[in-house]
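Down below are the structures I want you to see.
Next come two complexes built around subunit A: one with subunit B, the other with subunit C.
For the complex of A and B:
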């Protein structure tokens, strides 16, 4: 098996290296991907069309908003799938004896104090990354992951119960659903006002400023929705994997 | 010598192929399910590296406008918002017309008829599109890894092992 695998890998590698000869050089500004009209349009027109200096966020949340919406749904689905796979409903005698018995230890003083100091700063930074995502590197996915990581840190430093006081499972699922609801809500709001789905320009009737400002503000709203879902599902994935789906005792 | 030159101008593809093959090998021939998942992650990382390296341009910066560029343009916008939005619409129409013509032609037109003072040379910024695509690919990577780990954990609960061969033996002996 190992030899067969090695041969398959070598053959695939050689084929890929053969194809590599036709690829453009490293950092070539005239390569097809960089010279394509779409990319050029994103770079030159994003700011005039949306007043967002960060082109990545603008493309993510506006031009390719439909893609990003279902990306959020993918995260949500993964979170639900993990709960569905690991959760044992009813009696679970089969798994019970394999569960390692962890006694709740008193948290270490240094770890506890460090987390006390760090977690608020991490959460503040996460909010900054979300809110400032269209002016500097950042956005909903990144900020959401940072925010979720702060809860994971709490669960690691203390125990899962402490973190679950702040984010119990009911709240996790509500947050995750609310995030997608906010995202789709922007799309439906545009639809109701007579535009296309996720065409933020039409939201100028509801939001202050011109068409470009409406697009910029809608992007922020959509990113907040993404951050909700990502925060909730990151913590959900961790807590389910760490507690074998029982949500009782973590690592 | 010629061979070395080929590698030096296209070393990003060599690196991505090598990393990708390491991941593929781990996925094919490792017996441990967690190691297979690690291989899958390495494979995904290689693809992310590939895309991001495609978007790179020599002497270009990240695809975020500088503060100075933005600041100058915003001053002008504050002066006459309506006129600007009209100009944007007109420019958009013109771009659509230009799009039917030659690609280079269209680009020139969009440069000349730029509504604000903002003059952006596309060669000065990295290509944002691969970055966006990879942002979403990372998300899918996290989701698939999480589900994979959950399934592995469930298998461990059922069979008491995460070695593929031992699990297969148990399934065969059960039949």
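For the complex of A and C:
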């Protein structure tokens, strides 16, 4: 079996090297990926069409917004799947595992103070990353991960209960679903107003400014939706994994 | 409203999945009606799309209002529309069946189960209607992730099988992504039709990068559809999953991947490239022959009813891969038609296996002992599905096999024809063995491990919500068989522009 695997890896490697022979040069401005009308359009037209200076955000949230919606769904699915597989509701009838608990119950002064100081800053920074996605690297996924990390930090520093006071399980699911609803809501609103699904341009009927501004504003809205889902699912995955799906003690 | 029908096909299950995930936790009773309603909506939308395709030809739907290749488009022709109708119908039928089994098999997690179920349907439908190679990858991820979860929510063994599937599936998905990446490097585009135009315009036929991209994508879909040497993940995953999961994934996941393969071969790379420049036809047809025989022999060796059926799926995948690589128009018609008929006949026998499992709690084939007397209607449904898998007219399976065999004869691939016939005979042996046990009872040698004749006496006809889907599927199999000419003419219209010759 090991030899078979080795042969497969060697063959794949040779194939990949073969493919590389025909690649355009590194950074070649005349390569198809740079030269074709697709990337040319993104590079030259993004700002005039959407007033968003960050091309990556515009491609992600507008030109290919449908892909991004389903990337968000992938995250949501991961969260639901982990709840579906791991979560044990009620008193567990399974074999009683020894809960992985740490012995130190008393809150540690240094850890506690650091968290008090850090968590607000992390959360503020997360909001900044979400809101500033139009201008600099950032956006819903990154901001959501940072925001989710702040809750995980709280759970690690104190315990799962403290973190759950802020983000109980029911609220986690509501947040995650709400995020997707915000994203899909922009699409459905466009549909109802007579445009194609996710055609933000037509939302100018609801949002202030011209067509370009409507696109820019909708992108922000969509990013906020993504951030909701990512934050909630990050924490949900952590708390399920850390507590064996019992949501009680945990690490 | 018909203008928006293409996107509604997928929005119905997608949005209701979120509603089910949120509201279902508090109101469990709400889940099942919502699932039915949304899938019924999806069936209506896909039927209306099919109607429009037949009237107007190819439909193009620009998501976000951006014209391709700048944005993503749905591009729906005869092939997509037919497969989309099949997928949504199978989903609806399975959803009706699921009521009792989901509540029994995942008590606390009904809402999560249904949410994942609907997301799987949304992912599969999205893969079918999209016209964008990268978008297909995103939806492949959605459908793969949900399939792992649907399997893992079963018993302990299911979790291990799901883990194996996860490893294999992830390798497949990353191969596909790498292949699409290579295509992008050489063409600068992600739209399937645009990629093809660029390949032809820039004379990329001899490029090794494109060759490797083609190999990566083909191997990726072969892994995902469990084509013979890459099939190891499938039998345990589908056999130990909750019965609803195997009833939805057995018919759909592998068939949608065959659709993807046909789409890649015909639309993205073009039949000229796939069949003439590369000229692998004979090798792949031989691989398909091996797959058919291996699947059939594997099925013969099984005593577990659902596991036997999973090996039949592997054989059927061999039929369709072989049919495509015959490089013959009739063979291609057969393959596409077989996607549809195989989806329904696999559904039919898996529903039966689910009913047997819920009724008797036993996995062995001998569980069907004496069922003709106790549940005659259920057995009628099963016999239609079995006849279709064997290929007895007037069921759908006969006609799709007919076209496949015709294609094999036209292109002179006699080994394929022989393999098909042998596998049909094996199917006959397998199913008549089951029918015999159900009618006359098991031979003592067959089932000495479980002799509880007593608790069988309580078994009666399957409950309404399980019987109706089974009989409905059986009826559909006969209807598809009778109207095979109409379906074939849609497929032939779709294949016309590709100019597939007769034989390679």
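Here is the rule we use: the second predicted complex is superposed on the first by the 237 of 251 C-alpha atoms of A that agree within 3 Å, B and C clash if a C-alpha of one lies under 4 Å from a C-alpha of the other, contacts with A are read in each partner's own complex, and residues count from 1 in each chain.
Quick note on the criterion: a contact is a pair of C-beta atoms (placed from the backbone, for glycine too) under 8 Å apart; a residue touches a chain by one contact, two chains touch by 3 or more.
Just so it is clear, the structure is predicted and the values come from calculations on it, not from any experiment.
In the model built by aligning both structures on subunit A, subunit B fits alongside subunit C without clashing.
Contacts of A:41 after superposition on the shared chain: both subunit B and subunit C are touched. Contact with both subunit B and subunit C is seen for A:23 once the two complexes are overlaid on the shared chain. Shared-chain residue A:80: touches subunit C; no touch with subunit B. Touched residues of subunit A, counted separately for subunit B and subunit C, are more numerous for B. Of the two partner chains, subunit B is the only one touched by A:210; subunit C is not.
After overlaying the two complexes on the shared chain, residue contacts for A:60 are found with subunit B alone; subunit C is out of touch.
Closest approach of subunit B to subunit C, taken over C-alpha atoms in the A-based superposition, is 6 Å. Subunit A uses residues 16, 20-21, 23-24, 31, 33-35, 37-39, 41-42, 64, 67, 71, 74, 77-78, 81, 85 to touch subunit B in one structure and subunit C in the other. Residues of subunit A that touch subunit B in their complex: 1-2, 4-6, 8-10, 12-13, 16-17, 20-21, 23-29, 31, 33-35, 37-49, 51, 53-56, 59-60, 64, 67-68, 71, 74-75, 77-79, 81-82, 85-86, 94-95, 98, 135-137, 139, 141, 209-212, 230, 237, 240-241, 244-245.
Within the complex formed with subunit A, the subunit C residues making contact are 4, 7, 11, 14-15, 18-19, 21-22, 25, 61-66, 69-72, 106, 108-109, 112-113, 115-116, 119, 122-123, 126, 134-135, 138-139, 141-142, 145-146, 148-149, 152-153, 159, 182, 184-190, 198, 202, 207-213, 215-216. Of all residues in subunit B, only 6, 9-14, 17-18, 20-21, 24-25, 28-29, 53-58, 60, 62-65, 69-70, 73-74, 77, 81-82, 84-85, 88, 91-92, 95, 99, 103, 106-107, 110-111, 114-116, 118, 120, 122-123, 125, 127-132, 135-136, 138-140, 142-144, 146-147, 149-151, 153-154, 157, 160 touch subunit A in the complex they form.
Residue ranges of subunit A in contact with subunit C, taken from their complex: 15-16, 18-24, 31-39, 41-42, 62-67, 70-71, 73-74, 76-78, 80-81, 83-85, 87, 89-90, 170, 173-174, 177, 180-181, 184, 188, 190-191, 195-202.
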